[in-house]
Amino acid sequence: MHDETHHGDLLVILRHAPHGSSWLREGLDAALVAAAFERRVTLLFLGEGALALLEGQGVGPMGQKGTAPTLAMLEMYDIDRLLVEERALRDYGLDASMLLLPARPVGATEMAEELAAHSLVLNF
Amino acid sequence: MLLHILNRAPDTPACRQALSALGPADRLLLIEDGVIGALPAQRAAFPGVEGRLYALHEDLEARGLLGRHADGIQVVDVEGFVALTEACERTVSWY
Amino acid sequence: MRYAILLLAAPYSHQASHSALRFARALLARGHTLEGVFFYHEGVHNAARLAAPPQDEPHLVDGWAALGEAHGVPLQVCIAAALRRGLLDEREARRHGKQGASVEAPFELTGLGQLVDLGLRCDRLITFGP
Amino acid sequence: MRYAILLLAAPYSHQASHSALRFARALLARGHTLEGVFFYHEGVHNAARLAAPPQDEPHLVDGWAALGEAHGVPLQVCIAAALRRGLLDEREARRHGKQGASVEAPFELTGLGQLVDLGLRCDRLITFGP
Amino acid sequence: MHDETHHGDLLVILRHAPHGSSWLREGLDAALVAAAFERRVTLLFLGEGALALLEGQGVGPMGQKGTAPTLAMLEMYDIDRLLVEERALRDYGLDASMLLLPARPVGATEMAEELAAHSLVLNF
Amino acid sequence: MLLHILNRAPDTPACRQALSALGPADRLLLIEDGVIGALPAQRAAFPGVEGRLYALHEDLEARGLLGRHADGIQVVDVEGFVALTEACERTVSWY
C-alpha cells in the first residue's frame, strides 16, 4: 500500500530544548503513544530540540525529571529512526560523541523529503 | 505538495525552521503574527518562495496591513485557507 | 473530506484558539466533516468551564461547546496535559481527592492515543499552536 | 532588602514558575523579605487549586501556598487575567453565576494596582516570564 | 528627590504585535493602571511592539477588539511619553505618517539610558 | 548598573532585544533556555559583554552544559543570582 519513499506513519518534530518548557516532553509522549499503538515513528530533532540528545543531562533544580529518561526508553518502543538537523549540531557545536543516542544528521532538502514521506506530521 | 502554516514573525526560530523544511513545491501560508512577514520591508525574509507565499486576509486586516503588503503575496480569506488545505496533501504548522 | 484539529494554545493568551474555531466553522461551511478537536499542551484551557471573559469578547469555551453540539464534533482533551494544569472533570476530581470540577461535557478527558488515531484516520489534521 | 516577584508563566508549560519559586526561597534564605508575589498573564495558573501533577513532579501550587503561609507572603493574582482564564474564587464564581471555584486562599484575586504598588514600594522586583 | 535624568516612575516595554497574543493588551493595562494611580509612565514600543502604533487596525476576525482603542485613550491618562525602537521602524518600513500616535524613535544607547532612568521597568 | 535576565536562546527576538537595551556597565544573566547561549559555539552571539556575562549553575547542570560552557562566563548558583540582584540597582527580564 505504501510506496518506497514512505518512511512511516508519524513524524514527530521536536524543536524545544529540555527543561525550559513542556514542549519536548509532550512531543515525546505523543511519539511513545503512537509507538505503543504499533505505529512507525520517526523523530526529528530540529533547532534547540537537538539539545535533547546531549549526554549528561540531569534533573532540574526542583527535582524535575527532564526528558533524558524518556529518550532512554525509545528503543524499547521500537523508535529507532532518529534524525537531527545538521545546522543545529553546528550551531551548538555538538558531535556524535556527545550524544545520548545515535541520530542521523539531515540537511534542509532531506527534511523536506521526510515531511513529505510520512502520513502524519506533528510539530512540537 | 504540503501546506506550511506560519504564525510567527520573520525574525523567529519558527520562521527559519519553516523555510528550511519547505519542499520545492510546498506552499507557505502566513497567519496571525506571521502576516508581519507580508510587509514589503520583510521581503528578503522569504527567498525562493515566489508564487507560493500566501497571507490570511482577516489577519492582515486586523493589523492594518491590508493594502500595505508586498506584491506577489496571495491574500486568502479563511475559506481560501480551507481550500489550500484541500489542495495540499498535508499541513505542517510552525509556531 | 474528513478533518481533525489539534489545538495547542490557551484562549485569550494567544490568537490560536480564535483561528482554530474560525477555521473549524469555515471547513464545516464548505461541506467537510470535522471528526474531532484534540486539545493538548496549553490548548486544554479551552475546556475551562469557569472561564469568564468580558462580555464584549468572544467566549471561546462556549464557542467550542456550541460547535461540538451543533455538529456532533468530539471535543477531546488530553487527560495528562489537563490534570497538570488544573483541568479535571468530576470523575478525575474524585480520584484526586478534590472538590468540584473544571471541565464538563461536551468536553471529554481522553488519552493521547485519540490524537494519533484522529491524525491517521482523517484526511487532514490542522494544528494551531501558540 | 524588600523583594517582590512578578510571575507571568504557567506552571508545567514553562520552567519559569520553578525558577521563581526557587528564587523566592533563596532570597528568604539570605535574610531578605518577600513583600508579595504577583501572578499575571499566564502566571495566574499557578493558583489553580485543582492542579494534579504526577506525584513524582514538584507541585507548584502547593509550593507557593506553603511559601506564602510560612513567610506571610501575599500571593496576589490579577483578577482580570484570572477571570478570562477560568480562575475564580467563590465570590467571583457567584458573581458570574458559576458553580464552584478554582482559586482559594492563600491566593487572593486582586487588581493590577497592587503590582504597581509592589514594584514601586519594594527595593527589587524580579520578573519571571515564559 | 529625583535627579535630572529621572524620566518617571514606570517604563513599560511592549514587545508584541497586536492581535496575536494578549501581551500587548496586558502590558497596556498595567500602564493605564499605573497612570490612574498618578504614576508617570513611559511606553517603549520595541521590536514587533512597534506595530501596535500602525494606523488602520481593526477588530479581529472573531470580533476581538484589539489594542488600537486603548492607544487612543493614552492621552486621557496623561501617558504622552512614547518611544519606539528605530530599528523596528526600519525593519517594518514604518514612518511617522503611518502611526496612530507620535512616538519618538530611539536607538540602542538611548534605550539603555531609559531603562536606567526609571524606578521600575515592566517588560511585556 | 542593571541586571538583565535572559531565559531564551541566542537566535530569538528576546536575546536581540536584551543585547540592544544593555547599558555599557549592565550585567547579563542567562537562565533556563538562556543558558544555551553559554555554549562555546554561541560565543559570537554576545559581543561586547565580556566580563559581564553570567549563567545559572543549576540550569547548565540540568541540561548537561556544565563544564561545556565557554570560558569567561561566570557561573552562579541561585544564591549568586540573589546576590547579583542585590548588587544591581534594578533587574529587567527578557523572555
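Think of it as A, B, C, D, E and F in the order they're written, each chain with its own count starting at 1.
We adopt the following convention: a contact is a pair of C-beta atoms (placed from the backbone, for glycine too) under 8 Å apart; a residue touches a chain by one contact, two chains touch by 3 or more.
These numbers come from a predicted model, not from an experiment.
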### Message
Considering only chains that satisfy the touch condition with chain A, which of them also satisfy it with chain C?
### Response
B, D
### Task
Considering only mean CA positions as chain centres, point out the chain farthest from chain E.
A
## Note on the structure
More contacting C-beta pairs: E-F or C-E? The answer is E-F
#### Entry: Cα-centroid distance, chain D relative to chain F, in whole angstrom
25
### Query
Per the centroid of Cα atoms for each chain, what is the distance between chain B and chain E, given in Å?
27
#### Entry: CA centroid of chain B to CA centroid of chain F, Å
34
### Query
Quick one: chain A and chain E, Cα centre-to-centre, how many Å?
40
### Message
Where in chain D do residues touch two or more of the other chains?
### Response
12-15, 22, 41, 57, 125, 127, 129-130
### Query
Among the residues of chain A, which are close enough to touch at least two other chains?
19-22, 47-48, 60-61, 64, 120, 123
### Message
Quick check: what residues of chain B touch more than one other chain, meaning two or more?
### Response
7, 9, 11, 13, 16, 32-33, 58, 78, 90, 92-95
### Task
Report the complete set of touching chain pairs.
A-B, A-C, A-D, A-F, B-C, B-E, B-F, C-D, C-E, D-E, D-F, E-F
### Message
If we count contacts the way the header does, which residues on chain A are in touch with chain B in the complex?
### Response
15, 46-48, 85, 87, 108, 111-113, 115-116, 120-121, 123
### Query
What residues of chain D sit close enough to touch chain C in their complex?
10-13, 41-42, 45, 48-54, 57, 61, 83-88, 92-93, 96, 98-102
### Query
In the complex of these two chains, what residues of chain E are touching chain C?
19-22, 60-65
### Summary
Within their complex, chain C touches chain E through residues 12-15, 18, 21-22, 56-58, 130
### Task
Enumerate the contact residues on chain D facing chain F in the complex.
1, 3, 8-9, 14-16, 19, 22-23, 26-27, 29-30, 32, 124-130
